[in-house]
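Pasting a structure below so you can have a look.
Each chain gets a letter, A, B, C, D and E, in the order it is written, and its residues are counted from 1.
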Amino acid sequence: MDAHAAQHAVAASSAFSSRPEDLAWFILLLPLIAAAGIAFGVRRSPFLSSTLSISATVTAFILSVALFLAFGLGGYASSPSPFSWIHVGSLNVDLGLAVDRLSVLMLVIVTGVSALVQIYSTAYLHGDPGLSRYFGSISLFTFSMLGIVLADNLVMMFVFWELVGVSSYLLIGFWFEKPSAADAAKKAFLTNRLGDFGFLLGILVVWSATGSVSFTEIGNALGGNPTALGGLASIAGLLIFCGAMGKSAQFPLHVWLPDAMEGPTPVSALIHAATMVAAGVYMLCRSYVLFQAPGAWPAHLWFLGDITALDIIAIIGGFTALLAALIAFQQDDIKRILAYSTLSQLGYMVMAVGCGGPDAAMYHLTTHAGFKALLFLGAGAVIHACHHEQDIWKMGGLWHRLPVTFRTFAIGTAALAGVPILTSGFYSKDAILVAALDGGHPVLFGLGVLVAAFTPFYMLRLVIVAFFGKPRTDAARHAHEAPMAMTWPLIALAIPSIAVAWFGLGDFLSAHFNPHFHAHEGGGLFGPFNHAPLAAVFGTGSLIFGVTAAFGIYWGATTDPLPERLGLLSRAMRNRFYFDEVYEAIFVPMHDMVGRLAAAVDRWVVSGLGIRGAHGSVELAGRALRLLQTGNLQTYTFLFAAGVAVVVFVATK
Amino acid sequence: MSLSQLLLTPFAGALLVLLVPGNYRVVHRFIALVTTAITALGAVSVFAAFQPGIAGMQFEEQAAWVPAAGFGFHLGVDGVNIGLVLMASLVAFAATCVSWDIEKQPKLFYILLLVMTGGALGAFLSLDLFFLYFFNELALVPTFIMMGVWGRGENRNYATFQITLYLTLGALIGLSGLALLYSQSGANTLDWVTLKAWLAEKPLSGHSQNLILPLLLVGFGTLVGLFPFHSWAAPGYAAAPSATAMMHAGVLKKVGLYVLLRVALPFCPAAMNHWATPLAVLAMGNVLYCGWVALRQRDLFLLLGNSSLAHMGFCFLGLAAANVIGVTGVVLIMVAHGLLAALSFGLAGHLTKVTGTSDIDKLGGLLKTLPFVGGALVMAFLAGCGVPGFANFPGELTVLFGAWKSFPIFVILAAWGGLLIGGVYMLRAIRDLLHGPLRDGSIQGGDAGPWRRVPFLVLLAALLYFGINPGSLSDRIAPSAERIALVKSISAPATVAATAHAAH
Amino acid sequence: MIPGLHHYLIVSGLLFSLGLFGVLARRSLLVIYMSLELMLNAANLALVAFSRFNNNLNGQVMVFFIITVAAAEVAVGLALIVALYRKRQSAHVEDLTRLKY
Amino acid sequence: MNYSLLSLEILVTLLGVTVLLADLWIPASARKLLGYAAATGAGVLLTYAIGSGAPADGTAFGGMFVVDALSNYFKGFFLLAALVVLLLTVDLSDTIKGYAEYCALILFATVGMLFAASANDFVLMFVALELITVTFFVLVSYDRTRSGSLEAGVKYLIMGALASAFMVFGIALIFGSAGTTNFYEIAAHQAELGKSPVFLIGLALTLVGLGFKVAAVPFQMWAPDVYQGAPPLTTAFLATGSKAAGFALLMRVAFSAVPEITAHWSRLILVIGVLTLLYGSLCAIPQRSVKRLMGYSSIANAGYLLLGMAAVSLSGSTAVLTYLGGYIFTVLAGFAVIAVISSRAGSDDVSVFAGLGQRSPILATGLTVSVVSLAGIPPMAGFFGKFLLLKAVANHAGTERFFLVALLAACVGVVISLYYYFNVIRSMFWPKSVPDLTPIAVGGATRLALVLSIVGVFYIGILPNSLVTGARQAAAGLAPQSAVAGHAAAASAPAAAHH
Amino acid sequence: MPELQDILFYAFAGLTLLCGFLCVANPLSRNPVTSAMFLVLTIISMAGLYVLLHAFFLAAVQVLVYAGAVMVLFLFVIMLLDLREEERRKLNGAAVGIGAIAVGTIAGILTRALWHAQPLAKVAAAEGATRSLGRILFTQYLLPFEVLSILLLVAMVGVILLSRKELK
């Protein structure tokens, strides 16, 4: 055994020593073990499957919290020694875990939300024949997501990135007999793939410039030589961002997320609110070191001048936030409203990263994970209560029939809207606005404020229409509160929607990105108003504006008055600004057309003209040539003589 | 198990089947199954006993054969072929399992299958290039007869002849290249180890290399389905019985690549440099063109056949890159794709048998009625579009890494083809075939019973094992790849200017 | 002009060509066969001439062999042609085209 | 004079005469015994010839008759071909009228071949060839109740006589310009003779005669018709013995008598070889008659062999000899089956072979093995021979475009031939229409002949070393090769060094 | 002044070629009998040439065996089969023309080369004496002679087989 292998052996043995960060291995592997156990063992029993999956996730959550406490209080970052995944020449990919503030926080979020969602699902999907498959997929998903969180290098991140895509594919397509679900799953996967394509190229660029794929080593390389990426620095950043664009559903790759609502609602809560879509933002933060390098463009892209990759990211994020919010205005499907809201919030986070505030983005990610999961689960409870009715205009008056759901939903809405002081959403949103302001992006700041006004508007539209007024259908009239297994997670999620802000989470994250960070004096609940009053005031103002508008328009309405007032704009909003149509009309037919052309060429030219032609001409030559063999001796003698003449002539020449 | 025993096992099995009278059907079946199982176990043991980190040959065996013509019998494994041997024997075992239901002339079928297995193993194990060719061609007649007698579809006869003639032409052109190598090297041998040592001292002249390499590329490229010499593949696999398609698409197809790795790279380095870009262009033909063609296929087998061709494009790209990363990636893909192709063709065969058609338009929602086969097929399709966890992913990834420095544009295109186009047709297939409501398509049989699952589980397990732990392969491959790669390793980090320039 | 070796050879060559022409042009198997005899005779003439001018009797011995072979061939050939005629009532080459293509 | 050198020829002649005479006393019912006796005799002589009884190298009759590795190599195969064909006659003896004469004629033709293998003089060569040819006139038209057989006989007669006429005239010119007909003496003066147009014309005309024997383009026209029309066993012997005799003489003349001129003509031979193999392969495609198919196949195979000769090197000659060795087994196996089936069905249309796999496994195996070997697929004999041939051609392909083109043409030819060969397999294993599936009984002698041929095909394919060694010695015995001028010398140098 | 034997050469040569021509391409008759008769004449005039070349024994054999035995055999068969002219079909002009071209080419090549043929010996002295011929035949050429005997045996068997009416 050579030294290299020996080193690995040592690494392997040390991986499970008693260091606290080694807990991360258990956290990562528990869901995988559950998934494997379901696939190969208890598949036939839905009860055992769910129990296995839930207990694994809960254990992982408990371990995550322990790890978080260990790190959060200790405040240091470390990675366990790596296993070798593939070592060839200069390509070295190790299976190592990055355990630091960023990842432990995410661990808590992922395992926590996942555990709650799974508990919720036992009731929501009770009796579904595919329950074991569901829990297997969700365990697999949790594992993949934890992998992204813990990956200490780009390739491993890409691996889990793809796995998240796959497991979300399985989950969205859970009801695969439903054509819409099957289509949505496919669409989600492929749209994500488009982003992954860029991500992969980004990895290649970074690897070829720095010689490594490990975050630490890349950081060291860029620390030693900030221009190591040379003219490709900005390109590399944008390519990596492509991955985030896919997962976090940024414009123009946002189209999959609303469709993905075809999956079971708990799935939407888990992957399309709290985890998978957050992966993009997390990844940007994880590889933030790349974006800190001085931007540069290849020579022929000189006209981009001083624009950095971060600027572009911020613009895309901001645009997505606005666009999604506008679309959310006119959606009637309760889950779609939430989906577009998610899009909008993700845009917000991405914008924050682009404005130089990854800590703000992570902060918002954390809070958003809580309340958006809450909202989705609440929506699920509503849908469940209304016999799978999703149109808010067919609900109404649910507030007293579904008391727990209503209350928790209201808390979630408040958090999303960013009600000051009380909710976590306010603080994280404020952090983003501050980041935009501090980053010197007044326009984006304005955009953020605008979105901050839109958010309460469409959320209140949802709450007012669905929960207040009179029931508009029988389903709504006879709605009953969901069972314990569903309400309990709602309550559990409502707590962090309020309480997260009370801990110094923002400072905790800032310290990760900036080692020299010192918490502001005089923090606490009124911190935002003290440090950056402009942002806090604008944020609060926009909230009031949105709330007022919503109440004004929708209180007591039985149909949506907006289409009349907005006209064409409303139609555009309703139809999601026709993005799907445009894509349907351009991308798919384009590939199909090329495919058709290629297939035709293959059939008629390569196989037809080429192969059948060769075959035919050879056969024809054979048939023609044998006509020489007339059977007449005179032909033979003549050819013989002619042959002699030629041969003798050539031979004596 | 020594290599010669490993090689002889299938032939001994074939002989045994031959000696058992025709009406003992169960005995034939049993012998074939046991033989391939022993072969597979033997290959696993050899794989396990193989020392990683050593570049040279291991378990070598040598015997004089035709000293008068300069040919010897020489077996041995290094990193390049050890994985292929393992893959071949696993696929052979799976193919035998899948053939459990053969009703027509089972005796002949099993003899042919075992001969085919022996041929494939022999091709990978032989270090004398003559024997490599010999064993590869040995599998030709079994392929022909199996496709003809047990094949399916209207087009069977044409496809059978097409595949046979096409592959023979390719093989012969390749053989011409080998013969030229023999005469131009002056070593008077086709023994790879001797040739390698000889040519290290006296490399071939540029003229000779430029003569030999095109022949090798076109000839052995055809065996792999290098664009535009690919049209035999899809219709051929569509017409072949499952076991034949599995063996051919999985194993025999790789022989061409294997020869290119063994011969073209180390022996014609200068010409390889010269032809690298054209080769990469053709590789794009595989990845993109065949991918697009696959996009339009409505027959499951044609789809799988074209997708298999698209995968081969990655191999050619890695070959064109010709560095240690690329070469390692090529071998990884070869192993992975062998397992995958066998898995998909086996499953597709089962599915076709159950439903009576392979027309995707007539099928749908099968996951509901065939949970195991459908689920396995989903996994196969996902593996086919390069999802991590399956062995294809590390292979393709490695190739992309290897080729990035030399062919950034082609890597971009290949990634597009692999991630996007591959994703589109694979997912479409899942969508149309397995998802959605159940179509009227008559389902006569059911899902695979416990025993019928064995071959698929074996292949899936291997795919997953190498997907999760590619190091177990790459640590064996890399040192040997180092010996045949043109560029030993990319010195990192290279100058950024060069990269930027290359990206233009 | 005193006839030398080449004179005889030219005669032999022309005779050979005449025989060949007969083989090519005639249709009756018997005439074709006669033309073949003519060709053999041309060879004989050349041999005899060489024999004389090269001062080497071996050529004449060869002629002896050739005549013998020719006789044997003619015997078999004519028997064959007769047998064929009995079967097909024809000894013309155009009628001999059942085996073709 | 050392008459022991002629022991084989004398013994075979005596065997033939004995068979002929014994017929007078043997009752008609026991005629099979004659066949067995003839076959046994041939078998004994074969073991004698390849065993210790092989005459030592030497010359007799003033250098006219030579025994060397080449002659011994060929003689073994001639006896083998005779043995197999005689064995095959046994089970068909009822259908052969004049059975004893048939066996005797086979033996006499064998005598001609034996002499041809040893001929070192144009006169002996001519006489030996005439013995073969005239015997075949009779053998081809043997089935005289069938007009096809007679037609084939007449065609062979006219074409054969025409070729003989050319050859005789050629020999006359050679004699005239060289003053001798002995190969060695001519070899000694080939430098001056190469400048004499008369000699060159004579040599060319002689080679035309041999080209006729081996059915090289453009002297191949007779082959398909004769192969098709002749009785199948005659065809078998024609395709093996007669063809091999042609090559034996061709090689001796080309490499023993006039190697320098041959080297000079190498391109011409190459072109003829390519045309021959392409012609044979192409014309065979649409054939339905298997015997006719074999005729075209025989033409194609002559083409490959000519390629090996065109290489004008030790490796080329070795390849030709090895190929021929394997070819003889291969063709015999094939014709054994064709003879059984066509005499049963009264037709040799490819459709009568349908379902043979079920009707008689041994016949199906025989034909499959034969056809696969002809196609050059391992592990059959045909593969190794073809491989050596291609290798010999490739030896020059690096330096000469002509040879590279020929190499590729040969590849194409092989592929085309695969098409029609595999069509035969196809019609056996998956015929278009449902065939008659009654089993076919195969007689013991036929079975023996088949097994002999099949084992030979596999043996040469898998363990070719002894054959290659023999072929190499035989080729090396064509002494003046090392003195070949021009590129041929350079090309053969590495091979010689290896040796 | 040319000597007699020179004149005789031209006479015999001319006669040989003329009769040869009339044998293969008689413009007046395409009757096989005519051809056979002219062939006999050709053979006889060739015998004259043999005599001029001092090959007396061969000249005799030529007349006896060829003109006597072989040609009689031919005539016998012609009469037996009652063959008349090739009257049924017209000659194919194109075929004859192309045939003539091929033959012309060969004739051209032959005459051009043969015109320059040089004797190997200074003095043409070989005498076709029967005794010396016999000596060579039975010493140097004994082997071909013996082979010929087998050939004749084969021919005999063959003729019997081919002409016997009913075979057992």
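One rule holds for everything that comes next: contacts are C-beta pairs under 8 Å (C-beta built on N, C-alpha and C of every residue); 3 or more make two chains touch, one makes a residue touch a chain.
In this text, all values refer to a predicted model and were calculated from it rather than measured experimentally.
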Chain A to chain D, fewest steps along touching chains: 1
Chain centroid nearest the full-protein CA centroid: B
Most distant chain from chain B by Cα centroid: E
Far-end chain from chain C, centres as C-alpha averages: A
D-E or B-D - the one linked by more C-beta pairs in contact: B-D
Averaged-CA centre spacing for the pair chain E and chain A, given as whole angstrom: 101
Cα-centroid distance, chain B relative to chain C, in whole angstrom: 64
Intercentroid distance (Cα basis), chain E paired with chain C, Å: 6
Centre-to-centre distance between chain D and chain C (centres being mean Cα positions), rounded to whole Å: 27
Chain D, residues touching no fewer than two other chains: 123, 126-127, 130, 134, 137-138, 141, 144, 154-155, 158, 162, 166, 176, 179, 197, 201, 224-225, 286, 419
Overlap residues in chain B, where contacts from two or more other chains coincide: none
For chain A, residues that touch 2 or more chains besides their own: 626, 629, 631, 633-634, 637-638, 641-642, 644, 648, 652
Every chain pair meeting the contact rule: A-B, A-C, A-D, A-E, B-D, C-D, C-E, D-E
Residues of chain A defined as touching chain E within the complex: 634, 638, 641-642, 644-645, 648-649, 652
Residues of chain D touching chain B in the complex: 318, 357, 368, 372, 377-379, 383, 387-388, 390-391, 393-395, 397-398, 404, 407-408, 411-412, 414-415, 418-419, 422, 425-426, 429-430, 463-465, 468-469, 472, 494-495, 497-498
Chain B residues touching chain A - in the complex, by the definition given at the top: 52-53, 162, 166, 228, 230-232, 235, 289, 292-297, 323-325, 328-329, 365, 367-368, 382, 386-389, 393-394, 397-398, 400-402, 404-405, 408, 411-412, 415-416, 419-421, 423-424, 427-428, 430-431, 434-438, 469-471, 474-475, 477-478, 481-482, 488-494, 496-497, 499-500, 503-504
List of chain B residues in touch with chain D within their complex: 64-70, 105, 108, 130, 133-135, 137-138, 140-141, 144-145, 148-149, 157, 160-161, 164-165, 168-169, 172-173, 175-176, 179-180, 182-184, 186, 188, 207-208, 211
Sites on chain A touched by chain B in the complex: 1-2, 4-5, 84-91, 155, 158-160, 162-163, 165-166, 169, 173, 176-177, 179, 182-183, 185-186, 189-190, 193-194, 196-197, 200-201, 204-205, 207-212, 221, 227-232, 235, 298-300, 591-592, 594-599, 602, 606-607, 610-611, 615
